[in-house]
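All chains are identified by letter, namely A, B and C, in their written order; residue positions are counted from 1 within each chain.
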Amino acid sequence: MTNVLIDSVGISKNFGERTALLPMSLKISCGDRLAVLGPNSAGKSTLLRLLSGLSRPSTGYIETANTGPSRLRKDLRGIVGYLGHSSMLYPALSPLENIEFSGRLYGIPHPKERGTFLLNELGLLEFKNERVGTLSSGVLRRVAIARALLHEPKVLLLDEPFAGLDYRSGEILEKLLSQISHSHPDRALVLVSHDLSGAARLTNNALFLSKGNHTVLGAPTKGDWSEAYRHAQNSLEKTE
Amino acid sequence: MNTFLIILCKDLMIEWRTRARFASMLIFGVLVVVIFYFAVGVTVSEQKTHFIPGLLWMAILFASMIGLNRSFALEMENDAISGLALAPTDRGFIFLGKASSTAILLFSNAVLISTCFSMGFGLSLLNIIWPYLGTCALASIGIATLGTLFSGMTVRTSHQEILLPILLLPLLVPVLLGAVGATTSLLIEQETSEKSLRLLVVSDAVYLVLSFLTFEFVLEE
Amino acid sequence: MIWLRTTGWLSALLVPAYLFSVYQAPVDAIQGVAQKILYVHVPCAFAAYLGFLLTAIFGAFYLATNKRHHDHLAAAAAEVGVLFCGLVIVSGPIWAKATWGHWWSWDLRLTLTLLLFLIYVAYLLLREFTGDSERAARFSAVYGIAGLFVIPINYFAIDLAGGRTMHPENLKGDSLGSGMTLPFLLGVATAFSVFFYLWAKRVSLRVAHARLEARKRS
């Protein structure tokens, strides 16, 4: 019984002429808590989209624990909870309706109850019946996170979850993610963040990306990756 | 199969709340009726009756283009389409859900435009109402099926409003000819044209299978 | 490369032979010299339909294998096919004017070929307007397959609507007058040979362009 949840081999992504991610291999196993760091346009979001099954790699393949490389990537999508830059919510529906819709698509029993529970955990109960089109971006971000957590995914892929959140909401979210990591050691977390110390509190390893290139940073030093980040950035820039 | 119903309900719920597509399609359809009325002359003579089914289906087709353009527009707001793409389901069923909701919309619109046409041109559709509704249903399914597939593509291109009709119209010729043939036969000869209906059914079946199988490639990145 | 050379030489041999045989062919008693457009119109039509078949087939291969080369083959077939289709659309009315006195008739085959031309153009516009080249390859492959299935239906649809009016019936074995078979067959052979030559040329250009892009990237 393998504890590798996602095995990506030689994956890269090109968008026409532009290379977003150079070929790399990455294994996500049970208990992994990985931060993905780097400057803008480094390929971090691209990597997450590939791992979520949303995007097809230009080269290489991605396998999940139970199946071989699947072109349709349905199995990969089933074990992953993804948060992107956009909220992926329908403006004409309420947060609860959006979450219920998502829950039904994932085949969750009692999606309404589970959705209400998650919205409560994230301090969003007062907004549950408002139309999404009327809510602020910070609230939408948290609703989107609730959606990603809905089906209790084995691998949580979060692309800048703290972006746009006020201090209190950020605290609540950090507490929730920490709780999930501790009570479910068989799950994995991959987190893109520009907050190096915040990321260090939730993760125990980091991947540094720059212009499609990557390097592993290892565990944070003194609860922070600033030093390792700077070092990696300098060395990657020298090789370009 | 469940996926199809879930998406169908979601789309209908959103359409009911916003009524954006339905309203714009209806207004466009009515405008076309008015324009045609002025264009072909204010009285409908015996000779002109033969043109009416053609004009009617032209109006329905062009109004459908507007509805189709908007079909995926609602999915592009907040990148909701990625939310659909993330679901661990067969994407063919996602397609079925969207195409069904669009077909219902197009059918309602076809019925309303036909009503306006029959009032404006003095057509008697009531005594052929059931076969005529059947024709509308078959045509709506055809247009919605291929239209949903292509609007899924064009929504991520530049010039989407002009590209969709360019892609769609040459391939909708069978539906148009089938619908016009069936309507002409019903209005003028008061009988059902089996050939036209067969054409509609065959076209719909081909479009449906084609789109169901290839939608996966349209949705993925 | 071998494809290019073979078809190149073949075309170089066939084209003059074909032109000569057309020149030598007897002038039709009823239609006059205008009838000789048949030797251009029909072979080009065959090549145009072949082009679309290849576009759709290689598009399907691309979707199945994700190999870029299949997309090059599909796109190149469309680019060459639209050329031949254009020649059909142009030569048809010239013949129609000379024979029937008016430029256009909405008969079955001509209308179908016009629709094919529009489908080709739509395919190429779709590729052009889709920014990302991988997405363009995918979308156009889907469109090509859709077109392939719908074109036969269009045939029956137009036929149903009474489109079989003025176009000469299908050429049967003995419907060609004596002395007309050779230029016609040479015409078909030449059209196919030139098609394959242009196709090979276009594919090699696309491959070279893709290699250049890849070099720019790394």
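Definition applied: a contact is a pair of C-beta atoms (placed from the backbone, for glycine too) under 8 Å apart; a residue touches a chain by one contact, two chains touch by 3 or more.
The structure presented is a predicted model; accordingly, all values stated were derived computationally and were not measured.
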So how do the chains connect up here, line, ring, star, complete, or something else (other)? complete
Geometric centre: closest chain by C-alpha means: B
Pair with more cross-chain C-beta pairs in contact, given B-C and A-C: B-C
With centres defined as the mean of Cα atoms, the chain at greatest distance from subunit C is chain A
Taking each chain's mean CA coordinate, subunit A and subunit B are separated, in whole Å, by 39
In whole angstrom, the CA-centroid distance of subunit B from subunit C equals 31
From the C-alpha centre of subunit A to that of subunit C, how far is it in Å? 49
Residue list for subunit C, restricted to those that touch at least two other chains: 131
Multi-partner residues of subunit B (each touching 2 or more other chains): 220-221
How about subunit B: which of its residues touch subunit C in the complex? 146, 149-150, 153, 156-159, 163, 166-167, 169-171, 173-174, 177-178, 180-181, 195-196, 199, 202-203, 206-207, 210, 214, 217-218, 220-221
Note which residues of subunit C are touching subunit B in the complex, please. 63, 115, 118-119, 121-122, 125-126, 129-131, 135, 138-139, 141-143, 145-147, 149-150, 153-154, 156-158, 160-161
Interfacial residue positions of subunit A with respect to subunit C in the complex: 14-19, 58
If you look only at subunit C, which of its residues touch subunit A in the complex? 131-134, 213, 216-218
Can you list the subunit B residues touching subunit A in their complex? 2-3, 6-7, 10, 13-14, 17-18, 74, 77-80, 82-90, 216, 220-221
